[in-house]
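Pasting in a structure now, in C-alpha cells, and then I'll have a few things to ask.
Going by the order they are written in, the chains are A, B, C, D and E; count residues from 1 in each one.
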Amino acid sequence: MASLTIKNAVKRYGSVEVLKGVDIDLQDGEFLVLLGASGCGKSTLLNMIAGLETVTEGEIKIGDRVINDVHPKDRDIAMVFQSYALYPNMTVGKNMAFGLEMRGVPKAERQTAVTEVAKMLQMDHLLDRKPSQLSGGQRQRVAMGRALVRRPEVFLFDEPLSNLDAKLRLEMRTEIKRLHKRLNATMVYVTHDQIEALTLADRIAILKDGEVQQLASPAEIYDRPKNMFVAGLVGSPPMNFIRTKLSRTEKGYGAEISVRANGGDQPVLLDLSDQSLDLGPYVGREIVIGLRPEAISQAGQGNSGTQSFASEIDVTEATGADTLCVLNWSGIEVMARVSSGYAQIIEGTMDFTVDMTRASLFDPETEMRLE
Amino acid sequence: MTDRIARVLPQIVVAPSFALILFFVYGFIVWTGYISLTKSKMLPNYTVIGLRPYERLFQMDRWTVALENLFIFGFLFIFVAIVIGCLLAILLDQKIRAEGFIRTIYLYPMAISFIITGTAWKWIMNPSLGLETVIRGWGWESFSFGWTNSETLAVYALVMAAVWQSAGFVMALFLSALRSVDQDIIKAASLDGASPWKIYLRIILPSMRPVFMSAVVILAHLAIKSFDLVVALTGGGPGYSSTLPANFMYEMTFRRNEIAVGAASAMVMLATVAAIMVPYLYSELRGKKHV
Amino acid sequence: APLKADPKAEVLHYWTSGGEAKAVKALQEAFAARGGEWVDAPVAGGGGDAQAAVLRARVLAGDPPAAVQIKGPNIQEWAEAGALADLSNVAASQNWDAVLPDAIQNIVKYEGNYVAVPVNVHRVDWIWANPEVLAKVGASVPTTWDEFNATADKLLAAGIIPLAHGGQPWQDATVFETVVLGIGGVDFYRKALVELDMDALGSDTMVKVFDQMRKMRGYVDPDFPGRDWNLATAMVMRGEAAMQIMGDWAKGEFAAAGKMPGKDYICASTPSENGYLLNSDSFAMFNVKGDDLIAGQNLLAELILGTEFQETFNLFKGSIPARTDVSRGAFDDCAIKSMDDMVSAADGGTLLGSMAHEIAQAGAVRGAFIDIATAHFNSDMSSQEAVEKLVKAIKLAQ
Amino acid sequence: MSDTTTFAPAQTRSNAWLRLSLWVVLFVFAIWFLLPAYVVVGTSLKDLAEIRGGSLLALPHELNFTAWSHAWSKACIGVTCEGLEPYFWNSVIMAIPSVVLSTLLGALTGYALTKWKFRGANIVFALILFGCFVPFQVVILPMAQTLGLIGITNTVYGLILVHTVYGLAFTTLFFRNYYVSIPDELVRAATIDGAGFFTIFRRIILPLSPPIIVVSVIWQFTQIWNDFLFGASFTTGGAQPITVAMNNLVNTTTGVKQYNVDMAAALITAAPTLLVYIAAGRYFVRGLTAGSVKG
Amino acid sequence: MASLTIKNAVKRYGSVEVLKGVDIDLQDGEFLVLLGASGCGKSTLLNMIAGLETVTEGEIKIGDRVINDVHPKDRDIAMVFQSYALYPNMTVGKNMAFGLEMRGVPKAERQTAVTEVAKMLQMDHLLDRKPSQLSGGQRQRVAMGRALVRRPEVFLFDEPLSNLDAKLRLEMRTEIKRLHKRLNATMVYVTHDQIEALTLADRIAILKDGEVQQLASPAEIYDRPKNMFVAGLVGSPPMNFIRTKLSRTEKGYGAEISVRANGGDQPVLLDLSDQSLDLGPYVGREIVIGLRPEAISQAGQGNSGTQSFASEIDVTEATGADTLCVLNWSGIEVMARVSSGYAQIIEGTMDFTVDMTRASLFDPETEMRLE
C-alpha cells in the first residue's frame, strides 16, 4: 500500500548538483536508513520525499501515485526533525493536534487521537506543558508523537536523535525500533551515526556526494561493503585497511605484511585462500585487505581465527566491554579488539589471532570490492 | 490551481511593500535625479539643461562647507559615539549594581527628538545663560563652552549633541554583544595571562566586528539624516559654518528657489550613502548565505 | 454684496511672535465678524523658512492655502508660475491704485494686475539707541559712519558694547545692506544690490563696505552667534549695549517693555544720504477652487487693505501702513518719521528695496549675498577676498 | 546574565580603587546625560521671574506645575489658544495606525523573505534596506505631488502613508534579521502538518515575535512621534502633529517669552516616547540585539 | 614535581553548595578523568584548579605550593575548553603565541615554540588561518596546541571532544592518549562520556551532586563499581540491575529470577557461590544483582559462563561488531551482548550463558556495593 519508489531523483541548486540520480525502492513497512557524511544530500532527499524541496529530475512515488507535484500536506507523510521543530508557543497537546486541526478533524476526535498517542509514548502527563519546559528526551518524544498522531503511511526522520546524549539516544533508538515493529509503517530515517543505521535499518542506503554507494541490509553492508568508502564509514573503530601485494601460495593466495613484534619487524603471510572468489587476475598486483577490529583478537580462549601470530601493542584503550589495541602492521596503525580481561596489558607483544574469512578485499585504484 | 497561487504567495505578500519602496524611494530618487538635470527654480520644471546644476553646486562655497562638515561630523560622530558607547558598555559589564537604572539614564536620549536635544544643548552652551557662566561662577574663570558661537567649534557642538543622543544606544548594542561573548574565551585569555584590560582590547572587542558594523550603519544613517539638530542647535551658523548637506538641500530647494541645485545636492548625498552602503550590504548578504 | 457661500480662508503665515501674533488675531476677529471662517495655518520659525517648504508642498499637491504671507520678488515668481489669483476686482472696487505708493504697487502687481495685498511698510535702516548709554561717553546718535566708528570706539573704551547684534545670517545681511547704503550711497546700492552690476559689486567701494563690516564685527560682543534679534534689542533696553541696527519691528519690543520713544530709546536712520530701505509684508492669494474660498480671499483682501486693519496691525507691529491715507494720530514719533522719510525718499528717488529682507532680490541672489555677508562677518576673511567671492557667488546665483 | 567577566582571585586593594574610579566615570557620564533633561525639567518648573533671575542650572524654588497645565491646555499657537492637547491627539491618531501598519507589513515582508526564500529575495531585501538611508528632505516635493494626486494631502491619511512607507525599511530589517534566527524547520513542520502561508504566520511565527514587535513598535513610534519635517510639510493648522505644534508654540509669543511654558511643552511632546523607553527600554535593547546585531 | 592535591574542596554559590568537600590526590604525570552527569560540578572543580573560580573552603596544591590565591596565569597550568575558546580574531599562530606574548616571551622564541608544537600536531599548514576557516577537528587541534605551547605542569581539559563527531572523537582520543604518554604531564580531564573516561584515564573520579562517588582505576570502576550510580553510569549499554531475593543453596548462595522463554516464564536460580564475600547477613533479604551485558552471551562456542539457560529475545540490535539482545527477566529488560554472527536472529528463544563471577551485588536501600 505505502511502498516508496524513488527513480533517478536529481536535485540541482543552480548549477550545483546535490543529488545525482538516486534510485531507491522501498517495500511497504520497510525501514530504510539513509547514512552519509554531512552535506552528502541526505536531508535534501528526505525533503524531496516530504515535498519541502522540488524534484529537479526523476520521479517519486508513494504507492502508485507520483507525488512530484503533490503538496506536502497531501502526501500522507509525517516528519520528525533533528531540532524537533516543536511549535514553541503551543502546549504539547496543541503541538500534536495541530496537524489534525489543519486537516479539519473535529476537536473531540483530535483529543482522542492525541491522548491515545500520548499514552502510547508515556507522556500523557506532559500534554499541558510548553516545549521549553521539557527535557531533550521529552521533546524528542513529543516530536515523535506529533508525527504518529496523524497515522501517516510514510514516516520520515531527519537525524531525530542527534541532539540527545548517549544514554537517551540508546533508549530512544530502541523505542523507535519497537514503534516500527508495532506500526509496521514505511519509514525513512536519516542519520550519520553508523551504529544507529546498523541497529535500526531493514536496509541502509549509503550516500556520498549525492550518489548511493550501496543499498543493502545492515549485515551485508557490514560484512560485505561494496567499496572502501562504505567499509570505512560503517563500524567503529573503522575497518583496518592494509595495503599489500597479492601473491600465489601453496594453499591458494596470500599477502605478505610486516608485523612489529618483540622490537623488530617480522614478515607474516596473511592467508587469503578462504576467500570465495577467484583472485587469479590480481596476483602480483597491489590490493587492500580490509579487516574489522573484531577479526583480530587475542589468541586462545576459543577465539576461532584462521591464523595466529605475535604482534606488539602500541597503545591500548579499554572501553569497558572490550579493549582496543593499536598494532603496527606494515607501518600502518591497525586496531584489534580483545576481551576486556586483557585491558591491563599496556605494552609488550602478545599473540593475536586473525579471522581471514571475514576479510574484505579491495582494488586500491577503484577502491571497489573485489568480487 | 490554488497550489500555484500558494507557490507565489510569498512574492504576492512581499509585493505591496516592495512596490511601495520602489515607488516612494527609488521612484523619487529617479525623479530627483531627473529634476537635478533641469532648469527647475521655484517649482519643478521638466526642461532638461544637463549637468549645469551640478557645476553650480560644486562652485558654491556653502556646499563645499556642507560636504566638509558632513565628513567631519559623520566621522567624529560615529567614532566618538562608538568609543563612548563601547567604554560605557564595558564599564556597565563589570557587574554594576543598579545597572538597569544607569542603562536607562544612558539610553533615554534616544527617545527624544533632535529638535528638543538641539534646543536644550543650545541653552546649555549659551555663554551667558548656560554652563559657562555657572562654572565661571564657581571660580573657574577660563572655562569656555561657547562652541556654538565659534565658526570652528560649531561642528563639534553638533557632534557633541549627536553623540549625547546616540551613545547610549551604542552602549546598549555593545552591552548585549558583550553578554553573548563566550565566557570560555575570557577564561582562556585569563589563563593565558592577559589582564582584563588586555582581554577587552585584544580579544573581545576585535571579535565583535559585526556589532561594530551594525553600529556604524545605524549611526551613519543618523549622521546623514541630521537636519533638525543643526536647525535647532546652531541654525547652521555662525555664518554657514555648521551646515550639513541636508540643510543645504533644504535651503536651496525651499528658500532660494533653486530646486535643481537642491536636487543635485541630494543626488550627491545619495551617491555618497550608496558608496558606503552598497559594499556593506553586499558583503552582509553574501556572508549570510548559509543562514 | 450677498455671496452664495460663507467666506472661508486658510491663511498660511509665520506671524507668530510678539506683536505679529496679536495683529493676526485682530485680522482674524475682523474676518470672523464679517461671517468668515478663518482656518489658521501658522508655521513658526526661521522667518518663513519652514513655511517655504509647506507652501511648495501644498502647491505641488494641488491644494494651496487661500492666502499666504509672501513678499517681494517671490510674489512675481509665484505669479509667473500661474499660481496666484487675480485681485483686480477687489482692487478696483476699493480703489487701491489711489491709496498705495508706487513702490508698493510694483511689488504686489504682476503684469499690471494685483496678485497680493500689502500689509505694511517696514523701514530697515534704523539705529535703535539707548540715550543714557550714549550720554555716558558724551555721544549722540551718529549721523555718518566715521562718527559711528568714533562713538563705538569710545563706547568700547568705556567697556560698553557698542552694537547689539544677533547671530542669524539675515541679521548680518541687515547690517551689511545699511553699510552698503551708507558707504556706497544710494546709486551704488541700486547698482550693486538691485541691478547686480558686476563692476559695482567688484569695486573698491565694496571693499570699503567690507572694511566697515570688519570694524562692525569688532563692536559686537563675542556671544552674538545664535542670539535672536529681540534679545539684542533687550540688550539696548537694559543698557548693556548702546545701539542696534534693525528694522522697525524692533520697536514692538520696546513698546512691549513699556519704553517710550525719544525718552527711553532713540530711533534714527542709519547714516546715508536720505536713503530708505523698504521691507513690506504682503499676502498673496493663491488660485483656489470653491466659491467660499474665493469669497474668503476677497473679503480678506478687502480687510487687510482696509484702513482699520492697517492701523491696528501696524500699531502692533511697529511698521507703517502700506496705504498712505491712514490717519497718523495713533502712531508714535518713529512711525511718523518713517512715513515722512518714505514720502521724501520716494520723491527723491532714494527709496530702495531691502536686499536682506527679500524685497530687492529673490531667493537665490539674496541667499548668495547673505552667504557672503555672513561668511565674512563670522570669519577673518579679508575684504578683498569677500568681494571676489561675492562677485563669483552672485554670478552663480543669477 | 550574572555570568559576566570577572576573574576569580580578587586582588582586593587595587580592586577597590578600580571600582571607585569606575563609579566615578559612570557617574560623570550620568550627569552628562541628565544635564539637558535637568535643564528642561528645571526650567519648566520655575516661574518667569526665577528664570530671569537665576541661572539655568539653579534648582527651582518650588514645584510649580502651572507651566505644564498652561502648555497643555491654554498656550497660544497662532491665533488659537488651546494648548497642545488637540495636537497631542492628532499625533496619537497619526502614530498608532502608522506604527501598526508598518510593523505588520514589515513582519509579513520579513517573514516571506526569510521563510519562503524565492529567487531574488536577497536583492529585494537589499533594495528595501537602502530605503533606510534616504534623507527625508529629498522626498518632500515628489511626495507632495503624489499625495495631491491621490487626494490625501493635508490629511492624517497622508501622514500615515508617508510614515508607513518610510518606516517599512526599518521594520523589514528588524523582522528579517529576527526571523532569520527562527529555524526553518518550524515552517517545514507546519507545512507538512498542512498549514499554509498565512496560517503559519498567524499560528506559529507571530506568537514567536513579541521581542521584535516590541523593537519595531518602539522604534517606529519614536520616529513617527518625533517627526517634524513631514508633519510640517504635509499638514497645516489643526491637523498638525504635536511636534509641529510645539515648535509653533515655542515660537509664538504674545509679549514676554515664556521659557517655562516652552520647556513644559517640549516635555509634554517628549513624554510619550520617554515613557515608552523608560518602561520598555530593556525589551527594546534585548530585542534589538536579536533583530539587528548579527554576531 | 607537579602533583596535584585537592583537600576538602568546597564551593558555594550563595547558599547553594555545588561541591561538597572533594578530596583528590594526583601523582605527577597521572591522567585523571572527572566523570559525571551534567551539572554535577565537574567544570566548577576544574575551574577552581585553574583559578577561574574561587575556592570557598579547602585547599588546592600544585606540587607543594598552595595555590588557592594564586592568579590563574601564575599557576603553570593550561586548559582546553569544550568550545575551544579560540580567539576568533587571531590567526592560529597568534592564538597559540598569545599566552607566551602575555608572559613576555620574545618574539623569536614564541615563533620557535609555536612551530614546534604545530609540527607535532601536524597543523603547521594552518598557522595563518583564522579559527572560522577551520573544521571542528582542526579547531580542537588548535586548542590543544595552544595549551601545549606553554609547556605547563598541569593540563586541564573540559570536555574537549564533545563537539566532534564520532569518528573524529575517536581519533583525537587516541591522540590525547599518545600526547600524555609523550609529555608525561599531569592531566585532569572532564567528560560525561564514559567511554572516553575508560579509555583515557589512569584514574577516574566519578562525581555526583558535588561529591566523589568513587576514585579508582578504569578497570576497578568498571568491574567493581562502588555503588549502583557508578555501575549505571559506566558501560554502554549500562549494567543490568536485577532485583531479587538472596537465598542459601547447596553450593552457597543463589537468587531466583523468572526468565521468559518459549512463551512462558521459567524460574532460574542464579548461582552466587563464586562471589568472594560473605553473603550470610543478606540471606532472605532483597539484593540487586548487577550484570554487564557482556556477562550474558550466547551459549557454546567457547563462551565461559558459569551457568546457562534458555531465554526469549525481545528485540535485537546489531551494532556491527556484536549484537545486543533484549531479554525479559523478572519483568525487567535485560541486555545481552552476543557475537555478531547471531545478528540475524530476531525473535525466538536461544540459549544464553551467564558469567556470574562478573556480577556485582548491591544493597537495594543504600545502593552500595556489598563487600
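Criterion: contacts are C-beta pairs under 8 Å (C-beta built on N, C-alpha and C of every residue); 3 or more make two chains touch, one makes a residue touch a chain.
By chain, UniProt protein names: A, E = Sn-glycerol-3-phosphate ABC transporter ATP-binding protein UgpC; B = Sugar ABC transporter permease; D = Carbohydrate ABC transporter permease.
Model, not experiment: these values are computed from the prediction.
Undergrad: Smallest number of touch links from chain A to reach chain C?
TA: The least step count works out to 2.
Undergrad: Would you identify the chain whose Cα-based centre sits farthest away from the centre of chain E?
TA: Result for max centroid distance from chain E is chain C.
Undergrad: Can you tell me which chain lies farthest from chain A, using the average of the Cα atoms as each chain's centre?
TA: C
Undergrad: What whole-Å value do you get for the distance between chain B and chain C if each is reduced to the mean of its CA atoms?
TA: 37
Undergrad: How far is the middle of chain D from the middle of chain E, if each middle is the mean of its Cα atoms, in Å?
TA: 56
Undergrad: Where the CA atoms of chain C average out and where those of chain D average out, how many Å apart are those spots?
TA: 40
Undergrad: If I count partner chains per residue in chain B, which residues reach a count of at least 2?
TA: Only 6, 44, 190, 250, 253 qualify.
Undergrad: Could you pull out the residues of chain E that touch at least 2 other chains?
TA: Only 47, 51-52, 72 qualify.
Undergrad: What are the residues of chain D that contact at least two other chains?
TA: In chain D, 7, 140-141, 143, 145, 229, 247, 250 touch at least two other chains.
Undergrad: Touching chain B in the complex: which residues of chain C?
TA: Touch list, chain C to chain B: 46, 49, 52-53, 56, 59-60, 74, 77-78, 81, 83, 167-169, 172, 222-226, 362-364, 366-367, 371, 374-375, 377-379, 389, 392-393, 396-397.
Undergrad: For the complex, give me every residue of chain A touching chain E.
TA: 38, 165-167, 170, 173-174, 177-178, 181, 192-195, 198-200, 218-219, 222, 234-238, 292-294, 301-304, 315, 317-322, 324, 326, 337, 340, 343-344
Undergrad: Chain D touches which residues of chain C in the complex?
TA: 10, 12-13, 16-18, 21-22, 24-25, 28, 38-45, 50, 53-54, 56-58, 60-63, 65, 256
Undergrad: For the complex, give me every residue of chain D touching chain B.
TA: Within the complex, chain D contacts chain B at residues 1-7, 22, 25-26, 29-30, 32-37, 39-40, 55-57, 105-106, 108-109, 111-113, 116, 118, 121-122, 124-143, 145-146, 164-166, 168-169, 172, 180-181, 196-197, 222, 225-229, 243, 246-247, 250, 266, 269-270, 273-274, 276-278, 281-282, 284-286, 288-289, 292-295.
Undergrad: Which bits of chain D are touching chain A when the two form their complex?
TA: The touching residues are 183, 185-186, 188-195, 199, 203-204, 207-208.
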